[in-house]
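Structures for review follow.
First chain A sits with chain B, and in the next complex the same chain sits with chain C.
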Partner chain A sequence: MSTKPTKFLVKYSSYPHNNDPNTTTTAWKLLEEAIKTIHLKNASSLSFEELYRNAYNMVLHKNGEMLYNNLKNLVNGHLKEVAKQVEIANDEAFLNELNTSWSEHKTSMLMVRDILMYMDRTYVDQAKLPTVYDMGLNLFRDNVVHSPYIKDRLLNTLLDLIQKERNGEIIDRILIKNITQMLIDLGVNSKIVYEEDFETPFLAKTASYYQVESQQFISSCSCPDYMKKVEICLKEELERVSHYLDSSSEPKVKDVTEKQLISNHMKTLINMENSGLISMLQEDKIEDLKRMYNLFGRVSDGLNYMKEVISNHIREIGKEIVMDEEKTKEQTTFFQSLLDLKDKYDRLHKEAFYNDKQFQHSLFRAFEYFINLNPKSPEYISLFIDEKLKKGLKGVSEEEVDVLLDKILMLFRFIQEKDVFEKYYKQHLAKRLLLGRSVSDDAERNMIAKLKTECGYQFTSKLEGMFTDMRLSVDTMAGFKNYIQTLQKPMSFDLNVNVLTTGFWPTQSASNCILPREILHCCEAFKAYYLSNHNGRLLIWQTNMGTAEIKASFPSKTHELQVSTYQMVILLLFNESPKLTFKEISEQTGIPPVDLKRNLMALTSAKNKVLDKETKDAKEAPNKNIEESDVFFFNTKFKSKLFRVKIMSVVQKETPVEATETRQKVDEDRKHQIEASIVRIMKARKTMDHSNLISEVIKQLQSRFVPNPIIVKKRIESLIEREYLERSKQDRKQYIYMA
Partner chain B sequence: MARKASTKTTTVNRKRKTVEDEDKSEQPVVKKVAAVSPLASLFDKYKDAEEPNCIGPDGVTKFCEDLGFAPDSIQVLILAWQMNASKMGYFTFEEFKKGFEKLHCTDLIQLKKELQGFSHTIKVDPAKFAELYKFSFGFASEIVNKKSVELAIAAEMLELVIPDGPHTKTFISFLNSTKNYKVINKDQWICFLEFSKTVKEDLSNYDEYEAWPLLIDEFVDFVKDLKK
Partner chain C sequence: MTDNNDSDFQSDILRLYSSTGHEFVLSRKMSYVSGTIKSMLGGGDNSSFMEDQNSEIRFREISTPVLEKVIQYFYFKNKYTNSTTDLPEFPINDKIVVDLLLCAHFLDT
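Coming up: the complex of A and B.
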């Protein structure tokens, strides 16, 4: 390119210097004719070289301004004619006419631009005017598109066509595409013409259209149907943009439609009776929920609102389960329903809500909220596990056990009072181990391992100690048996002792009973054996926790009875005397009255009536309960199909007294833990202010329980009193650690 | 109240000067006469018959009478404080001597004036008052390790040491009615002084998150309940 003007320059130097006004006029005449010819679409007859040269000369002789202005007037005049043509076109031909004149205008302006290229490069550039082509665009905009008879008509025609398409008619998309493209081109370097002449009114129209439409939908459809319609509408609108609108319109169209179709109706949709969010949740409508999640995710706050409603719903349901007295009586079903609820929402969360983190969080919060509403939840979880480990796991594969335990653990995580759980778990585990009730040792260990990963070593160390005790006891018993054999003094019965380490096991008041002589003798033998191996230890017999198997000869048959140690002691009394009063039994066995009653109740129960009783008030109907005035005797009429008879000890729920005892133990433990935590923190920090210390303590302990700030404060004061801490003399709120 | 007290003490101060002037002439004579120590003879006058190294409750009562103060007056408390007496109702000779030395006194007249003056000082010098307040806790403590004071005694002591505190009266009635506490500990005692200094009488600027001991939190609840 750069060589071309140079060539011309060389050529030009041979021309005589000519600045004659006549020459200039002639040159313009020539160009004017040529441009008119171009407008008449006869450009093939023209000589490009000649025209270019004339234009070049005009510009070179400082007549650029004249050339530019003349051209402007010429095109202006032409376009006025064009506008008239377009204006008279009838409605159907209108857009086509406009489109045709636009493409003709573009072609002719391109030619003109080529001819006048030199002017574009020099004069136009220096005078900072629009280039020839852009000037043509501006003129077309002002004369044609913005002509008072065209402007509104153009907009309305376009909107009508789009409306027709929305109503299902087929329209000439390419024509519209051309027109919108024209509007964009006319903006020269911006999209202002497109935006002002078309997009803004279009968006307003879209909004009002969907406003009406959505009102109609929502009053006639169920929530899922409405959402399906919305999905379709949104898809259509986006297709529209991609087919014949400018891509810059896409977010705007999306905004407008989403606002009209979703945002404005969020609450109505969610709360729609019988088909809203809650009923979708109740009926597990995964597809609908997914749709709702997708749609609401498009608008701001949509998901938050949805989340809130779901969370409240779960809270309500959970609260119902947890606070329902009937349900909580049956701990297993109570817990099963919680597990089911958790399962359900886990599935919904996974399948309908794409594992949304926020949803999960609110789900967890909701569970945490209602589980902790009932102070007995920790106990119930432990009871549920107890139930499962006792019998619920028979015939279940290892993987399934694992899955179940994991699920239980999920709920366990929501419990705030984990230390209460630990207390109960220990009690239940002790019973399972000592009474040999546990179905699977593997499952037990699996559970402990899970608790360990969840709560740390400290949490399970005592539980593990219990297992160790059991294992060591087996070894000890094997050793003891050998020892007995070497003694050559055969025992009249087998003795099995579990040696339990104090501290690992739930402490129980050692309410001892008076053992029969032969048993006592055997116990002494064990004690001697054990202490000879483990010097310096103290053995205390816990007869309240033992079991025994005894043979009983009834007139009909001999049976083997499985009884508790207490029951055994009671029954052995009847070897000596046929009839015993409650008082006599109590005196001779030394069993605490409460336990004695409980065990006598088991022995006189209708199912296994080993003992019979005489009640003083014989008139009264036979009463299950044991009165202190009752007299007991051996039931010679005892019958059972089975050889081995298991006397079920009367299962006894935790009495209120025991419950408060457990609670007190927990509170006592907490005191120590809070103090230990305070000292740990203060030892590290040396000084710390009140509120920080309290929140730090709560943070440290919340994996086990959530301490009440008042209790923490009390502990701080106690530590001040005992001079572990002191208040700063300058600032009462600062505590100082005293080494 | 404060103004009255101050005028009184200024007159006392003036008097004291004249008395001192008179004393100066006589002092050497006295010293010569009581070669052992005038203080010892003064002490002997009140000492307990059974425990010769100690003035017992009867002696203290007598001593206070001679001084012209009631045994449960602030001046006697100040004296005990200056003596650093460890037990209420008893002065050992060591304490007795130390108190006189500290107050630069040799006889009862001087002591009386000195104590009058001091009872004004504690009203205007918060640091001195705080010291006295702190001492009064240990002094009131019957318990050997001095870590707590029974509520009834604490109430009496409060009335003596901080009678015009904004919360003293209500606090005492709270102490008399509470069932959660039997004793008050040092921390609670010290904090009550600060509470009296910083918290307004209507409790409007009390903040429950401000690390007040629970005893004081409960006191505030008590007062609020009363108002209802």
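Coming up: the complex of A and C.
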């Protein structure tokens, strides 16, 4: 039975049809009195029904407009009185007075609205006027809040109070809360009044306040102290908002304060001497860094700027380490310092920067940048691993080894020229395997497995091949020993051969030497045995990589000497003659002079002086170096505490020549890889234009090294010459794959 | 309204008087179907008119049969609002239909 009153037009017949002005005036008089009574808070003496009925009839008899306007005038007049009341209130009571009149006004308007409900429903709705209550709000706003004597005073009072609170005084928060709420209500469905009358000037005030404050702070505090203060200020402001401001102000207040406190001082803070970002990094101030990260994360660009500074700082440090001649000489310390650096920043990143992805990225970039600054980095990494696998891992638990290898690998990841690393790693691994220097087979395999997951199967296939060779050699030797026994021809010594697959191992120019007869004989026997099992293979003896154990009878004692094959050959010569010149040795052994010098140096070194030498130029102080004019003889005075004497071979430092050789080899390898990659791509695509092809090649090879586009171009040209590719006739930039 | 305790029950009572002074007693909650009555009784928390304090309303322009029908409708409405059963017809006497309509308009029902 819900009706739609406005649409229903029935002649009003059952009630007296009194539309004459008198009745209307009487009705209004009644209502006027009633509203005045309401304003005096005496509503309980009024009958709602009576008032409602009168208002109802007035509206029903088309006097809605008059009722509305009269009401408006009435309320207007009342509010003018109210405004005067508020105006004369002294400063302290001012807000209270306003607040009281506001809540009274609200109450009375609600009551008026209720009695005039019918007008709201019909006349106001049709005439598209503000409802009675909203009209009341508007009138209050215009007459009271916007009265010239109140508006500014209100604002200033509010701002003063807030200022007081900022200075640590306690203020009546609930009062302010009511006032701000009033301003919001007065906006009628929007927050315009609140924003214009209060928020905007408040924000401006806040900004200027913190501008001054921050200037003061920053000139008197260190960076961490300043940040602590900022944290407190921000917290206070937010609390303020939640206590008595509208929640819509929160982001604005936050913006303003953050801008004043952080954005404007970002550079000063970061660059602050002795307490800025750099010194925090240097001194590992995790708490402060975390604070800085949190604060700077609030403002735009804050983190970017921070990131940039950190990254530059790391680059500086890294560059110093990498380029420092002193340090690079000692690979171990060089690497250890890199590892330490990495460790430190990883920790900072985790603890202070919440594992921020962008920070991580910039850290990686920084490391990548400086590691690749030094072209020798791949070699150093390999050397470092070599060092660790040779000695460093003794007495270290498996897990620790794992952690260490992981760390190394992390640095390895930054290296762009991974193929160079592979070259060196292969060389070092070969030495470790052949000379039996590796401490732990497990660690070796672990490392290779890690490399494999990092760079793929291709990268480690040869390294794994080396391990396979070693294993097969053990089997082969077992077989050979059995074979020898069946021959019934006992050998004067044990022979141990490692059969290495060419290609897996770093090929060294086979610098052969003339082996003593008995050994040669033995080798022949092995060759015969091996070839009988594996037909059609070619055995080449790599005498430069072998080791030997020989017995040497010195006048004092008989010692067992552990020497390299070359050294053995040299020493055996002294079985026949006690004194030999350099030239004689060279002729009789056939060892290349460079290697010969090195081995002789080892044999004549002060620590294990097996051989003695006579320099022609006797005036010179005893010199470690070997001259071609030197004469060598057996040192009869040799003494050692140990029965077994290990002759350390002089560490083979990579000579510049060798370095360039390695470089050349790497470049040669790269050529092949680039070509292979080009052909692979073209085979799949058939046709492709120049720039796309180059970028694709670079993408494919990135995991191993970063190819130079010019070199790629040269390779393309070479492939065209060899008729793998062809330039398109229509478009010179297009290449076509020739099947 | 059965499980209300006594004081609630007291304050819930509302008396309505027709133009001829006939008294109807009903629950306040029932009467809230009418928007007019609801605001009369302080649907908001602020107003406190005579009617609210005395818990009685005198309708000077509503006749007894119409008021009775209106109150019947209050209960009818309360019973069937949000009910899933089919709505039975609400019987209205033809004689009072226009007056009832006007009254409904007045009461904002």
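What we mean here is this: the second predicted complex is superposed on the first by the 725 of 739 C-alpha atoms of A that agree within 3 Å, B and C clash if a C-alpha of one lies under 4 Å from a C-alpha of the other, contacts with A are read in each partner's own complex, and residues count from 1 in each chain.
As a convention for this text, a contact is a pair of C-beta atoms (placed from the backbone, for glycine too) under 8 Å apart; a residue touches a chain by one contact, two chains touch by 3 or more.
For clarity, every value in this text was computed on a predicted model and none was experimentally measured.
Which holds for A:690: it touches chain B only (first), chain C only (second), both, or neither?
first
After the superposition on A, what does A:475 contact: first (chain B), second (chain C), both or neither?
In the superposed model, A:475 contacts neither chain B nor chain C.
Considering only the touch criterion stated at the top, classify A:52 as touching first (chain B), second (chain C), both, or neither.
second
With the two complexes superposed on chain A, say which partner A:576 touches: chain B (first), chain C (second), both, or neither.
neither
Give the label of whichever partner, chain B or chain C, reaches more residues of chain A.
More residues of chain A are touched by C.
Is A:43 in contact with chain B, with chain C, with both, or with neither (first, second, both, neither)?
second
Counting only touches as set out at the top, which of chain B and chain C does A:110 meet: first, second, both, neither?
In the superposition, A:110 touches chain C alone.
With the touch criterion stated at the top, can you tell me which chain A residues are shared between the chain B interface and the chain C interface?
On chain A, no residue contacts both chain B in one structure and chain C in the other.
Which of the residues in chain B end up touching chain A in this complex?
Within the complex, chain B touches chain A at residues 147, 185-188, 190-191, 194, 209-214.
If we count contacts the way the header does, which residues on chain C are in touch with chain A in the complex?
Residues of chain C touching chain A: 35-36, 39-40, 43-44, 46-53, 57-61, 73, 77, 90, 98-99, 101-102, 104-106, 108-109.
Considering only the defined contacts, which chain A positions touch chain C in the complex?
1-3, 5, 8, 10, 12, 14-15, 43-50, 52-53, 56, 106-107, 110-111, 114, 117-118, 121
Can you check the complex and tell me which residues of chain A touch chain B?
By the definition above, chain A touches chain B via 689-691, 710, 713-714, 717, 720-721, 727, 732-733.
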